[in-house]
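Each of the next two complexes has subunit A plus one more chain, namely subunit B in the first and subunit C in the second.
Coming up: the complex of A and B.
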């Protein structure tokens, strides 16, 4: 059974198109919605949580239409991308208030607030502190805690890993996985494919308001890896380093931009990233910067769209 | 840190009704509102000028247990009511829009419960400065009155008039505050807007009435409308030359307009955050 079915979903804000004939069927478990900033992820999430209404097309979440549907809202846990906490409250007070609004008794709300905050890894001491003193990562944890306080059937998390430290990230990833084991479906959006890969194999790629690809992340990865990968290097001797790199089987071409900059194209980025440091160390080249413009999703999407 | 999922069990108890959820919202937000030093200062001032000064005068000069004494409280406290309304009402929805926390409510509560809860917050705080002192004054005057028992029993209906006038003020100010607060995410603008609506309507009515020499133009002032309806409820002479129910219609129309704006803003339109 599909958890979410969207067909030809379009949403525009004046002249700006948020979603453009977006069609997708999302099954149970964890699904990642991946796309660069401005791709339409948040628009899609706001439509499925009933915050905004599509201009065209149809959408069903857990078999119901989401717009103005409080009974459906009760089954969904929503963690928005933006900050929406009350700085003058403690995390515990905030969670208790949120649980009460779901209709739980005071004692049950207290219990749930404590457990939800503990689940996201917030210490007892931090729970009692005012939110205004929290780091971005701690606020992110509170946001996630409020979305699970009422045992939702479906968890919708918009960029849940943004701003979290590595330990916080691990806790949240573990939490979402555990929720999935307990039968709670999750939709997780991110602009970092790497983050989503750690969570799930099921992804939907979205760009310019349209579905680019949907399915197993490994299949999509293979597709992406066929795409020649560009790596730019800033070094003290671009010409010599370029000549060394040209000898490598993983390198397709080398362009010397100037004395200090070169651009390399490779079809095996993982091999190339192992080879490059070896050459640098062996030949004692000074390298101040290595970066890949292809690491940003926009480039990958451009490639996929062209295909 | 390990995660203990064993505790995360389902709850067998019944979820509370929309009314209880609205009450939870009212309680949370009213307590929050009463933490404002500004609001506490205004409440104290309202009581000082509206109740304490009258109680002192009762001590020195035995008061006549007449409707005019109580209507005087409402008329003289007008400015304080407006200020309290502006301070408490400004942030009602504007703060949620600013903090983008409105999505938290809409993902938990029916929109109608949210709006009712927010109105309840304004009504609760306004009751403290409008209804409660009116009732306190009634009983103070009753206890210190030198009138005959028959006279006092004859004037018990005044308590009903006090409650009705207070409820009318609360309903009008609460709905206008809610509307203005829902139109902006900056509570300073909302507060100024609430204050200006009551103050400007009073100034405009006064100026136009004097220039055009038409008593009916006094109706533009929302406070004049309250005064006219109040006079009817207190069985006193109407200060203007038009029937009281026309003023009541103006008050109802303003409340309906406010409700319409809220409906359009939250039920018809999307809430963009």
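Coming up: the complex of A and C.
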């Protein structure tokens, strides 16, 4: 059964198109929605959480229409991208209020609030403090806690790892995985593919309001890896290093930009990234920088869109 | 239960906002006027409070409180993006609008009710009678019905407009005060006329219009009908609104 089915969804804000004939079927488990900033991820999430209504197309979440649907709201938990909260209250008070607005009694809401905040790793002392004194990471935890306080069937998290420190990131990733083990489905959006890869193999790539690819992340990775990958190297001897690299099977072409800079195109980046350090160490070349302009989602999407 | 929680949540939110402290300070200003009168009395205590109630409490403080609270009920939630926490609870949008509106009434009422009672008590202590305090229930009824009506209008304005303050100020001080004080039948178009009719009937406040005041029942009917219209419009707009800043 599909958790979310969207067909030809279009949404525009005046002359700006948020989603353009967006079609996707999302199954159970954890699914990553990946795309560069402005791709349409948040617009899609706002539609499936009933915050905005599509101009065209249809969408069903857990078999129901999301617009102004309180019974569906009881089954979904939403963690927004922004860090706005109610600074005048404590995290515990906030979560109790949110649980009560789902119809739970005070004692039950209190228990759920405490459990949810504990799950996201907020200390007992911090739970009682006013939110206005919280760090960005703590606010992120509170946002996630409010989305799970009513034990939803589906968790929708918009950029949940943004602004978190490595420990916070690990806690959130483990939490989402733990929820998945307990049968809670998750939709997680991010503009960083490798973040999503740590969470799930199921991804939907979105760009310019359209689905670019959907399915197993490894299959998509292969598709991406077929695309000639550019690596720029800054070294004390660009010419010699370039000649060495040209001998390698993984390298398609080498361009010497100047004495210290060269640009390499490879169709096997994984092999290339193993080979390059070997040559550098063996030949004792001085290398000050290696970077790939293709190592960002925008480049990958441009490539996929051109296809 | 869900609705009661949203009412409590909204009331706490309003009470904890910075503007509430400013509004409380503002609503205590008439006490200074009463104090000054007590120092150098001129005319009767009833006359003084009648003027203070109409000119300051009703036509200024009540309108300002209602404007700031009413427009912010939904508008600020959207602007601050916290609306996502409320709109994804097990509540219909209609309920969110109505419960937040309901919460704003007692909060506004309390801010005005306390200084009104203090003013009346001070005047009666000074005169040694209960000539003004006996009208307290009447004054409270006017304040309550004023908040019921104006909060509904400003809440509607808050969901309809992105920046409702300017339009709200125009409505409050041009429409409700300036037009309400023009000669002829123009004041019939303002809510203030009906509130002042009720105030005249229930609390014996001064009457400066050329035409006769409406009866309390008729005035209440007009005001409550207008309230119902504003609420329906507000609910309709909010129900169909994209909740993005």
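Throughout what follows, the second predicted complex is superposed on the first by the 302 of 307 C-alpha atoms of A that agree within 3 Å, B and C clash if a C-alpha of one lies under 4 Å from a C-alpha of the other, contacts with A are read in each partner's own complex, and residues count from 1 in each chain.
Rule of thumb we're sticking to: contacts are C-beta pairs under 8 Å (C-beta built on N, C-alpha and C of every residue); 3 or more make two chains touch, one makes a residue touch a chain.
Keep in mind that this is a model prediction, so the values were computed, not measured.
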Partners on subunit A (subunit B, subunit C) - clash or fit: clash
First, second, both or neither for A:269, with subunit B first and subunit C second: neither
First (subunit B), second (subunit C), both or neither touched by A:119: first
Partner chain in contact with A:32 - subunit B first, subunit C second, else both or neither: neither
Subunit B versus subunit C as contact partner of A:98, first or second or both or neither: both
Of subunit C and subunit B, partner touching more subunit A residues: B
Which superposed partner A:85 touches (first subunit B, second subunit C, both, neither): both
First, second, both or neither for A:40, with subunit B first and subunit C second: neither
Contacts of A:175 with subunit B and subunit C, given as first, second, both or neither: first
Touching partner for A:160 - first (subunit B), second (subunit C), both, neither: neither
Common interface residues of subunit A - those touching subunit B in one complex and subunit C in the other: 49-53, 68, 70, 73-74, 76, 78, 80, 82, 84-86, 88, 97-98, 100-103, 105, 146, 150
Residue numbers on subunit C that touch subunit A, as the complex places them: 1-2, 5-6, 8-9, 12-13, 16-17, 80-93, 239-240, 242-244
List of subunit A residues in touch with subunit C within their complex: 13, 46, 49-53, 68, 70-71, 73-74, 76-78, 80, 82, 84-86, 88-89, 97-98, 100-103, 105, 146, 150
Residue ranges of subunit A touching subunit B (in the complex, touch as defined): 49-53, 68, 70, 73-74, 76, 78, 80, 82-86, 88, 97-98, 100-105, 108, 112, 115, 118-119, 121, 146, 150-151, 171, 174-175, 178, 182
Contact set on subunit B toward subunit A in their complex: 1, 3-5, 7-8, 10-11, 13, 15-17, 20-21, 24-25, 28, 32, 99-101, 103-111, 267, 270-273
